[in-house]
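Naming follows writing order (A, B, C, D, E and F), and every chain is counted from residue 1.
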Amino acid sequence: MFFQIQPLLTAEQAAAMARQLRESAKDWRAGSETAGWHARTVKNNQQLERTSALHQQLAAALQDQLLHHPLIQAATFPSQIHNILFSRSAAGEGYGRHVDNAWMGGRRTDLSFTVWLSEPEAYQGGGLVLEAPGGEESFRLPAGHALVYPSTLLHRVEPVTQGERVVGVGWIQSRIRHAHQRELLFELDTARRALFERNGKDDVFDLISRSYSNLLRMWDS
Amino acid sequence: MFFQIQPLLTAEQAAAMARQLRESAKDWRAGSETAGWHARTVKNNQQLERTSALHQQLAAALQDQLLHHPLIQAATFPSQIHNILFSRSAAGEGYGRHVDNAWMGGRRTDLSFTVWLSEPEAYQGGGLVLEAPGGEESFRLPAGHALVYPSTLLHRVEPVTQGERVVGVGWIQSRIRHAHQRELLFELDTARRALFERNGKDDVFDLISRSYSNLLRMWDS
Amino acid sequence: MFFQIQPLLTAEQAAAMARQLRESAKDWRAGSETAGWHARTVKNNQQLERTSALHQQLAAALQDQLLHHPLIQAATFPSQIHNILFSRSAAGEGYGRHVDNAWMGGRRTDLSFTVWLSEPEAYQGGGLVLEAPGGEESFRLPAGHALVYPSTLLHRVEPVTQGERVVGVGWIQSRIRHAHQRELLFELDTARRALFERNGKDDVFDLISRSYSNLLRMWDS
Amino acid sequence: MFFQIQPLLTAEQAAAMARQLRESAKDWRAGSETAGWHARTVKNNQQLERTSALHQQLAAALQDQLLHHPLIQAATFPSQIHNILFSRSAAGEGYGRHVDNAWMGGRRTDLSFTVWLSEPEAYQGGGLVLEAPGGEESFRLPAGHALVYPSTLLHRVEPVTQGERVVGVGWIQSRIRHAHQRELLFELDTARRALFERNGKDDVFDLISRSYSNLLRMWDS
Amino acid sequence: MFFQIQPLLTAEQAAAMARQLRESAKDWRAGSETAGWHARTVKNNQQLERTSALHQQLAAALQDQLLHHPLIQAATFPSQIHNILFSRSAAGEGYGRHVDNAWMGGRRTDLSFTVWLSEPEAYQGGGLVLEAPGGEESFRLPAGHALVYPSTLLHRVEPVTQGERVVGVGWIQSRIRHAHQRELLFELDTARRALFERNGKDDVFDLISRSYSNLLRMWDS
Amino acid sequence: MFFQIQPLLTAEQAAAMARQLRESAKDWRAGSETAGWHARTVKNNQQLERTSALHQQLAAALQDQLLHHPLIQAATFPSQIHNILFSRSAAGEGYGRHVDNAWMGGRRTDLSFTVWLSEPEAYQGGGLVLEAPGGEESFRLPAGHALVYPSTLLHRVEPVTQGERVVGVGWIQSRIRHAHQRELLFELDTARRALFERNGKDDVFDLISRSYSNLLRMWDS
């Protein structure tokens, strides 16, 4: 359903990004400007202007880290990592319950991710709460860690009560539309890699690789 | 199944377009040049050369009007509005029964539209006849009005018997492939907008918005 | 993903069933007899003979309770509740990691359920562990409570270390194949029922009911 | 979308059924008893008790006529014709806007039909109004005629203002789930039958028959 | 695409069946009686009356052999083996090019089979010719051998030029609709059985078994 | 399943390409560089560097020939012809059993093709062996001929034992994902073209053209 990358960025990389963001005071805008007509009513945070030079530098760095991470590759089948945003929530700010738009700028939002840039000690509140089918789950990860979850979930960011929460967020358009398909493919790939290590490229490996490859063709979307 | 935009252009805008088209005599070509191998045998009208400056100006204007029209947005989910053509049929001309090609220039034709540029009084005959599952229906709309219908239908333009019929036509590639899916989504969106007006963004609104958003993800194509 | 019915049976009903089961010593068989060729190697418990009179009486009672429970109706869309089994695990017994067969006696296993008949205090160990996408989760519910979960999950029953664990288990063939479809339909139904209570059968209710009904038609399988 | 059978029953057969129905006063019940929880609030007519001998005789006759009608066979691909009801609406009665349940007694409602048993002159009002995608359409057919339409539509029976309206209604579970698939198959079948008449069983006929037969296999549901 | 069972029946079993068939002269009918309206024009053989006692005995035996054959189980996922027929073709008889009906008696024809009961030396001609995508292929198998092939293919039985050809034929409704899905599942099952033999029920086996089981659920139809 | 183009290039064109390739010694690289992590272990041949001028000239020529070939158009529905490679295998070289990756450079591999540039007399061994569902098939075509086959098959190039084998290979992303859909569309198109030649654009032609066009819309992917 959702998984963590522990870490995606080193603590130093995350701290450096957070520092750069904090220092670019003039480029911050009300987050409600980039939300859909109804999410806007509950979005109460600040976002780095997408046309700013700093945004472009940091977004490219984050996109690159994600796109080449082996777990992202094996579990999310990214065709696009898109619409990265840097946001910060001061005391009293947050983002009420909502579901993300299905398309942003023409690209589908199959998975959402949050990369924490401030350490959990730097703020109170501000938990990212996912309404998963099995119940709510709340996340406050260390700086540099990422959470990837299906964009199909209702979710919210609890109000920050003290300090400041700084994160990068964004979306993945997957080549494989459904979460249950991605999960099956990830397990089949895990199985064949284990077999390859154990026995090399034998007949059983070839059969499973053929199934894997042909399921990708069937489910590509 | 099909719906009218009353109007898409004001009567003045339509009249201005019609006048510009009438005055660019050198840019007209036989319509059969842009039809498929079999539709060609029944296509008997004139079309504005697509490479002409006038075509590019008028097509861009029409595309822009359509793309931002709220009904087009809510009911057709356009990813591309494409292959706009301006055509005129003098007395004796028309376009026999045919179905549009499934792709034009690499883009799918999910919906077709006609925007009338001449007033119905300006010509006799020339009705656009759709062979809908419930029977034939014929259309001669006022200048500036548009008809949008599924490209899956057999249709024809009856011969003009007097005067001249001038229209713009084109196609929409929809993000949502099937007409029955678009219809369901349009109704769910209508329902949630009515709820939002009545009660704001409450729990019921969030549940329906989540369903709407996740159906878009499932059916995106 | 999974949900609990708290309770399905009263504590008294559960206790009565458990007592009847405990007293019918001659009807118990090795559980491995009803497992598939590979699950058999890890199934180590006892099951009530399906042809026994006691089995038929208790299975019919359980099936009836489940079939008419409003949450089962609204969330699982049952076409069949089938292959109910009563099993008990004494100290040292359990059921290793496995996935249920996709069909049992010609019926599809879309959802699995366990109804606890012994109280958690009556045994040590014996947790039902589900390998959900978000991680493992272990269940030891009170007598009379039920857990319903997708049959698509790997799961196991941890060895009982003391006392005896008695449960009824079984499967649901759903009219709606995919968990994400059932979840969407359940939420849409929840929304329209809330609207009906609030405003009665108005236009918005009719639109949502039409969407709900037509999604059932599309996804029926 | 919808089509008429003109007639399904001769005027005499329809009149005889109507007479038998009118004479069985004791077997009529409030129609709301067989409607779903929300349709019930708008259903205001009388229905023949399904367990009565008369119902069983007439329903079997109607089912038989429908099942063997060539147009029903070629256009609706019936696997079940089910839940036939005989209803009558006196002055002041009707059936408000609703959509039919997706399943009735475990069978899917893909298409609905109404067979008129009273002549249109015998009552005022009582039109069957379908909310088709292209707009509302109202039907008051001659006795013995039938209308078949997708069960996916919102529809209503306008209040009868004078006289009495007597009809038989029921549902078809189709082997082919979607209306657009049935329409395509119906046309392909029409084409191959025309070719068979013209040229017999030649190579072109075989290719089209193969396509037809394989589309049935693909879309069977 | 298609596969042979070598043999399904021993030569003795096949010879005994052929002898019984040959001796029941009074039960044979023209094969055209059981063909569809167009296949009838090219079907020119004899068939054992389906209501005869001999038919019922032999059909039950054949159905039983097929249903329990491991290759049929693993590669065709039978939900029904149905409409078995015994046919014989004397000199001059055969069955021209045709495709089988998609449904017979309410059951889908996903796969067809022929079981040869006479030895190839007993007749000349009479080859079963399949028009596979890669080209035509002709079969004259030994008595007791079976050929199973997709019912989606055009095929024919070449005229017998000498002697007599006796076969049993029939159809399989598969739980898995598409040939490419059955092929993928068959290979995945082959792979996991090889792994089970090599390493027992380890983690890799569990992952592949889960994928296999969940694909069956997804594709069940 | 697979089909040959006899020829795609004239013998002279093929010979000219082969000569140019043979003369550009400095541009050849180990083929394993462009294979996936597992195919790499069995790929043992030489490939022309993709950035070389010669590659770009020859690949463009081959792509152009294929894209405009009527059989490619009618049977494979190409949206992209991509990743063309020129490879040569000297004695001892070949390419072991493997399945192609589902995507290459973001494009799906629905069909694979090989165009032979050396004559079969110029080398021994080197057969392209496809593991089709009906069994293995080996190909050594004349220079200029092409073989097109589904990328879903396991395949290999047998070791060359003498001389040198020179080929161009590449992939087609099809607008129509599944082989059985492409086959059905190809036959329907063949049928309507035969009808058009025989009777022109009559009603039957229009019905079949509509079905054809609407199936393209449904299956476009």
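Note that in this section contacts are C-beta pairs under 8 Å (C-beta built on N, C-alpha and C of every residue); 3 or more make two chains touch, one makes a residue touch a chain.
This one's a predicted model, so the numbers in the text were calculated from it and none came from an experiment.
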Smallest number of contact steps required from chain A to reach chain E: 1
Repeat of interface E-F, chosen from A-E, B-C or B-D - more than half of residue-number contact pairs shared: B-D
Centroid distance [mean C-alpha coordinates] between chain B and chain A, Å: 39
Centroid distance [mean C-alpha coordinates] between chain F and chain D, Å: 52
Sites on chain C at which at least two other chains make contact: 152, 178, 180, 210, 214, 221
Each pair of chains that touches, named by its two labels: A-B, A-C, A-E, A-F, B-C, B-D, B-F, C-D, C-E, D-E, D-F, E-F
Chain E-touching residues of chain C, taken from the complex the two chains share: 38, 41-42, 96-103, 106, 108-110, 151-152, 154, 177-178, 221
Contact footprint of chain E on chain A as seen in their complex: 180, 184, 187-188, 190-191, 194-195, 203-204, 207-208, 210-211, 214-215
Contacting residues of chain A [partner chain C, same complex]: 1-2, 132-134, 137, 152, 178-180, 183
In the complex, chain B residues that touch chain A: 79, 175, 196, 200-201, 205-206, 209-210, 213-214, 216-218, 220-221
